[in-house]
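Structure first, then comments.
A, B, C and D label the chains in the order they appear, each numbered from 1.
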Amino acid sequence: MTVSDVVELEGHIIDSGLMERAFTVVMDLGGEFDIEAFNVGESKTEESYCRMRVIADSEASLRPILHELHQSGATLADPSDATLEPAPADRVVPDGFYSTTNHPTDVRVDGEWVPVDDIEMDCAVVVSGVDRTPDGASDDGERDAVDRDGDGATAETRVLNAVSEGDLVVTGDAGIRVRPPERPRDDSGPFGFMRGGVSAERPSVSLIRDIAEAVAGTKARGGRVLCVAGPAVIHAGGGPGSAGNGFAVHDMERSMYGTSLGMDVETMEHPRKGHKHHIYTISEVVRAGGIEAAVEAGLVEEGVMYECVRNDREFVLAGSIRDDGPLPDTITDAVEAQNAIREQARRADLVLMLSSLLHSVAVGNCLPSTTPTVCVDINPATVTQLLDRGSAQAVGMVTDVGTFVPLLAEELLE
Amino acid sequence: MTVSDVVELEGHIIDSGLMERAFTVVMDLGGEFDIEAFNVGESKTEESYCRMRVIADSEASLRPILHELHQSGATLADPSDATLEPAPADRVVPDGFYSTTNHPTDVRVDGEWVPVDDIEMDCAVVVSGVDRTPDGASDDGERDAVDRDGDGATAETRVLNAVSEGDLVVTGDAGIRVRPPERPRDDSGPFGFMRGGVSAERPSVSLIRDIAEAVAGTKARGGRVLCVAGPAVIHAGGGPGSAGNGFAVHDMERSMYGTSLGMDVETMEHPRKGHKHHIYTISEVVRAGGIEAAVEAGLVEEGVMYECVRNDREFVLAGSIRDDGPLPDTITDAVEAQNAIREQARRADLVLMLSSLLHSVAVGNCLPSTTPTVCVDINPATVTQLLDRGSAQAVGMVTDVGTFVPLLAEELLE
Amino acid sequence: MTVSDVVELEGHIIDSGLMERAFTVVMDLGGEFDIEAFNVGESKTEESYCRMRVIADSEASLRPILHELHQSGATLADPSDATLEPAPADRVVPDGFYSTTNHPTDVRVDGEWVPVDDIEMDCAVVVSGVDRTPDGASDDGERDAVDRDGDGATAETRVLNAVSEGDLVVTGDAGIRVRPPERPRDDSGPFGFMRGGVSAERPSVSLIRDIAEAVAGTKARGGRVLCVAGPAVIHAGGGPGSAGNGFAVHDMERSMYGTSLGMDVETMEHPRKGHKHHIYTISEVVRAGGIEAAVEAGLVEEGVMYECVRNDREFVLAGSIRDDGPLPDTITDAVEAQNAIREQARRADLVLMLSSLLHSVAVGNCLPSTTPTVCVDINPATVTQLLDRGSAQAVGMVTDVGTFVPLLAEELLE
Amino acid sequence: MTVSDVVELEGHIIDSGLMERAFTVVMDLGGEFDIEAFNVGESKTEESYCRMRVIADSEASLRPILHELHQSGATLADPSDATLEPAPADRVVPDGFYSTTNHPTDVRVDGEWVPVDDIEMDCAVVVSGVDRTPDGASDDGERDAVDRDGDGATAETRVLNAVSEGDLVVTGDAGIRVRPPERPRDDSGPFGFMRGGVSAERPSVSLIRDIAEAVAGTKARGGRVLCVAGPAVIHAGGGPGSAGNGFAVHDMERSMYGTSLGMDVETMEHPRKGHKHHIYTISEVVRAGGIEAAVEAGLVEEGVMYECVRNDREFVLAGSIRDDGPLPDTITDAVEAQNAIREQARRADLVLMLSSLLHSVAVGNCLPSTTPTVCVDINPATVTQLLDRGSAQAVGMVTDVGTFVPLLAEELLE
């Protein structure tokens, strides 16, 4: 005895790798397939279409196959509405809740495909604007009538710890549509160069030039550039930023003592004099009452934090257990810090991740797969890990951030 | 015109590198020296002694030289009491406060050398049991009399954010004695093998055997072994532990779903089926009410967390901004988490740092240089960074924690 | 004006990624395509077929597209014979010679598809058994008649420096068929586990168990296991081997002095005593007249080289410019050493590359994409580089060879 | 019963670490010491002196201690002449031959200290200009008389494979004086910055500025800069160079096809077009008859090899077993290539090792510890390995050679 279900794939499904992935999923998970229809796009601009029956031994085997196909961008041929279940308690999701990918996603509510706002990986989807009763009875005529008068349903991602009792959470795979980004048809445009993954062979200077153009282009169009900066970055320039306590300490120590972790950054003449400067820096800024106060009091007179304060750039300093201090501006609670990062990440049009694995992972966790991202680190394993999120427009560069930033600045100032 | 001061060095000051460091400090910082006395220990067991006048152009040049010499273990020839200043406000230390090393340290209070408890790097030293008035008037005969009736002064480290208004904080360098660990005269003993730093050439299996002996010996003597475990560790065995949210999720996913980040750890047959298992694991444990509740409810039936609960081993799960969830047991506030880690670190007699840079740095920050430490990571840069704390008994191993743990367990169970 | 040509793709062209690659090649190189026929295999076991017209602006643009499609496994729809040109001089190939991939390849000679023997990357293809005149006139009836009497044409790869004047070398892309390995339909079999690329998440011990099974299975079937061993390997066990001068020196030093680069590998008690042992080892073996003589003279009494001599296992020691000595057995000429390696590589049924980048690259250069290969190194970048050859059955493991080898031996001896 | 011998140490023996090393050697190797005299240099410019009796249980234990002390710079208090033994055969050194360090060394011949020319690690020392009979009888009055008429004895290093039958080779430790470089008293001068080892914290641009000054200063003084270049270097500029076959192929491919390993280095537009270009490049250069011929024929019109030919800069291309081709200019025999490298290394006044582990190790093996050396690589383990040779003036930089070279060129051209 076998069970089966039919899924559809549409778009540039061959060169985006979707067809390959679909075949592989079915075979890896022990299923069979029967192609019921296949129309190949005959030329570059035409889309293809495939209707595939997926066959398995049992419902239990079929379920994960369909789930995987789903996550990859296939949709059930005969869509039903998404199943909604109320959350039984705060921070507790219903059994079998749907956990998101980072790709654009729609859920079907009352026959309509509703886009999921603020898409982000590993979240629940909460639907609002439908007035279900807690037991999930959705066939109540009166409520439906009310809905139709209103603005209709909306859907958004919610991290687990932000789910409240009674939230209507999507469960199962039905009524959900995921659209993984396709390979762009056209290489031009500011992010055209972002397709090669990690570019070990390409000359660094030519890649830096492209990144500078992407930054300049984004700002010219009024977009936001989010810079995630590790302590290795010294003069990262403007833009809002996500960083850690250590970055800010390091940056202000440089202004206050002319050293960085105690080393004179210009002459290196007295490498031992100041290895306590970072702790004095923290102490001074605490005494002043925070970074803004320290800038205004003239304690900090240059550097990234100074420029952020003077030019009114937002910054988030996320705390971690390895911090000294911390500074009063550092958000020490991980959940609060994630929320602050999330807010920045959602509004970003281009993200530069500079030599900061911890903060870059945190930002990457909040990004949809459609946000262009540049990852720079001297450790190839870090770059690989950061790129491995299925982002359509991401490029990694294994280079020294200490030479990258000056060369980028040179290009931007030209 | 020059200024000068006299310092003394005592102990195995040649083979511990202290003499070399002292000469280098003076020359690097632009000073001159005049050796006033030098008695070399004539044989292996005799100590040496050196009295050195340090000469500089100005008080401003002399100060950092003396400070550095101090940190390295030299003491002023003519010791005075440590200077104590009350903290002007909560979390604000007096100007010029003394910032600790991680070496055993004494401060001189009322002519007596008082050991600093809970020594840890980059802290303030707070002295209690002396009833100074806020202006630091210590020559009040009556108070002194009272002190002599009591148990005398005590001193302890205090991280900056734990300093309270009015705490008597040591400032300057006077009246402070630092004792960096010396090279042991004898290689035998359970930690005799811990001297080579990073051992790239030595066969891994032979080093693992020594580590197993150190673990077994520590437990046999009733000591505590603290294990800092990254998600790469699967069956790390007993003992209290410092880890992160991800470690616990990963461990319990394995028990609940037989997978680790969705991969069946035994057969690898269905590598795609469960990449959402970690988020379901979190959701189930949240629903159960926490790790202990999940173990008791039979949800989690094996693994490190299970064993910790069943065998009543303490564990600290420190949160970070890259966490999913987090679990209810995870301490999300960085400062609170540091305090929990600090408590574990102080009581540890042997620390194993297994493939977890973030948590290992956090633990390492709290450790005195005298606690034996083993750092295992596949990334040589991580091991180097963790060892670079002047610990007398620390050994690093660049190896795969996935083969290290089974081989260590084999040795321990023999 | 446009030019075009028609190619065909056959087999499991979707899940092997061939269709995706074909579309990507055309678009990346600025061409257009028109799908003239597409029959998708309706179930898992049926093959697919695609006939695609490739269109470009000019002959100059079309050429590289067709070349790339070729290399990826597409064939010209209307095949002609391969073009053969005689080599103008020793070591000089004709203009536009065809440079091989490492995939199974056929060339069309006199209307017949002839398999290319000893396929290897970046070689010329030399055809024998056809008696062409130097001007390449192949339509001479008399000669053809002669051919048909003989055993027919044969084709083989030839590295550039082995080409002799007059060799008939394939030029251009016509009449060549490349078959990149397809994804196996079936995961079972001894190499079924070799598909995951670099396995960071999978427990090392479970992967080592699979590798042990692949080694045991290969030997049980009478196959050859080739071990490429760096100096980090100490007791790698039997089998023919490719290694370097340093490996053999290191191995025999251990037998002769009980040390490895001067360190006592068991006790580590006297880490400094013997850092000259490696140079004495070389000197002693030179004096003895070579490795075999040193074993027979009782100078070397254990270790890999000893076992190779005693058990009559072939070994190749390839020299390099960083060698001390070298040993008399080391092949110091790079071209001769490559030839010795090539001979071993061609006969191998399973290759273990253990912690030796230089030698592993050299062996990898000689391997067809169909030879199962296991790469073990502690540096992830090394593993990635070694795997990046389009091999169908290759698996990488980022682990410590010092723990890998004992664990593998344990599994093999069970 | 104990045996003992007396050694002397002289110079800045404390801050150079020599005293510490001496104590550690004795203790590590199980000996005892008795300081018979110790005069410490009272100020920065005065040297210190130590006479130390070394005591051990047996001659067999004492020997390695004295050997190690020797290698570290101690000399026997009561020097005798070096023992000379004739080599019994070509490439075979006498039993117990003295194997060199890379530090300046003298040997005592007929009561005179003779400097060893061309000092290099792991070599034999061959003494010429003394007419010993094969049995080593050096007390023959007649011969000595002859010597005193001549220019006297000379000594030089000889790699094992260059030793000829009858060469007078130094054996044992007696009559040998090693002078490890001391810490410079003065930080100024062109190489003053070269003391920090691997500089992770220091801003890259400031370090590059110092390196540029060292290069410019060396050339201004008429010195030679030797550049060891891996394929990652594109436009390294002038100077003689040691590199490999791959470097030259890569460089000329860029000139001939505008690509590097097939990738258009400027536009990246056609990343797939030319992955066979490197093999065509080799074929074309072979056809032309070599690099110089290819430049003269106009085949190669820019790049490093072009500039070397045009500006008459020496270059050595050392072959390896991973080479394609190789080019006619590549020295395929490892021993011959080492000799060519050795010749360059000996004449170098400053060595830049740029991203080429194999060639850098080969060059490093031939360098005395007194040659200033800069190692640049993106892999920290590579830099650590290259620096670990006890060179007095060596600095490592973990950075991207693709950004390092343009920034260095910018500084040099200013």
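Convention: a residue touches a chain if its C-beta (ideal position, glycine included) is under 8 Å from a C-beta of that chain, and two chains touch if they have at least 3 such contacts.
Just so we're clear, the structure is a prediction, and the values are computed from it rather than from any experiment.
Chemist: Which option, B-D, A-D or C-D, should count as the same interface as A-C once over half of the contact pairs match?
Modeler: Equivalent contacts to A-C are found in B-D.
Chemist: Measuring centre to centre with C-alpha atoms, which chain is farthest from chain D?
Modeler: So the farthest one, by centre of C-alpha atoms, is A.
Chemist: Any chance you could check whether A-B or B-C wins on number of contacting C-beta pairs?
Modeler: Answer by contact count: A-B.
Chemist: If you average the CA atoms of chain B and of chain C, how many Å lie between those two points?
Modeler: It comes to 49 Å between the two C-alpha centres.
Chemist: Using CA atom averages as chain centres, what separation in Å is found between chain B and chain D?
Modeler: A distance of 39 Å separates the two centres.
Chemist: Centroid from C-alpha atoms only, then distance chain A to chain B, rounded to Å. What do you get?
Modeler: 35
Chemist: Residues touching two or more other chains, restricted to chain A: which are they?
Modeler: Within chain A, the residues that touch at least two other chains are 271, 381.
Chemist: In the complex, go through chain C and note every residue touching chain D.
Modeler: Touch list, chain C to chain D: 25, 28-30, 64, 68, 88-89, 91-93, 97, 99, 122, 160-161, 270-274, 276, 279-280, 282-283, 286-287, 318-326, 332-335, 337-338, 341, 358-359, 361-362, 365, 379, 381.
Chemist: What does chain A use to touch chain D in their complex?
Modeler: 187, 193, 196, 201-206, 208, 234, 260-261, 263, 265-266, 268-269, 271, 378, 398-400, 402-404, 406-407
Chemist: Enumerate the contact residues on chain A facing chain C in the complex.
Modeler: Against chain C, the touching part of chain A is residues 14-17, 19-20, 23-24, 26-27, 32-35, 38, 40-44, 50, 183, 185, 380-381, 384.
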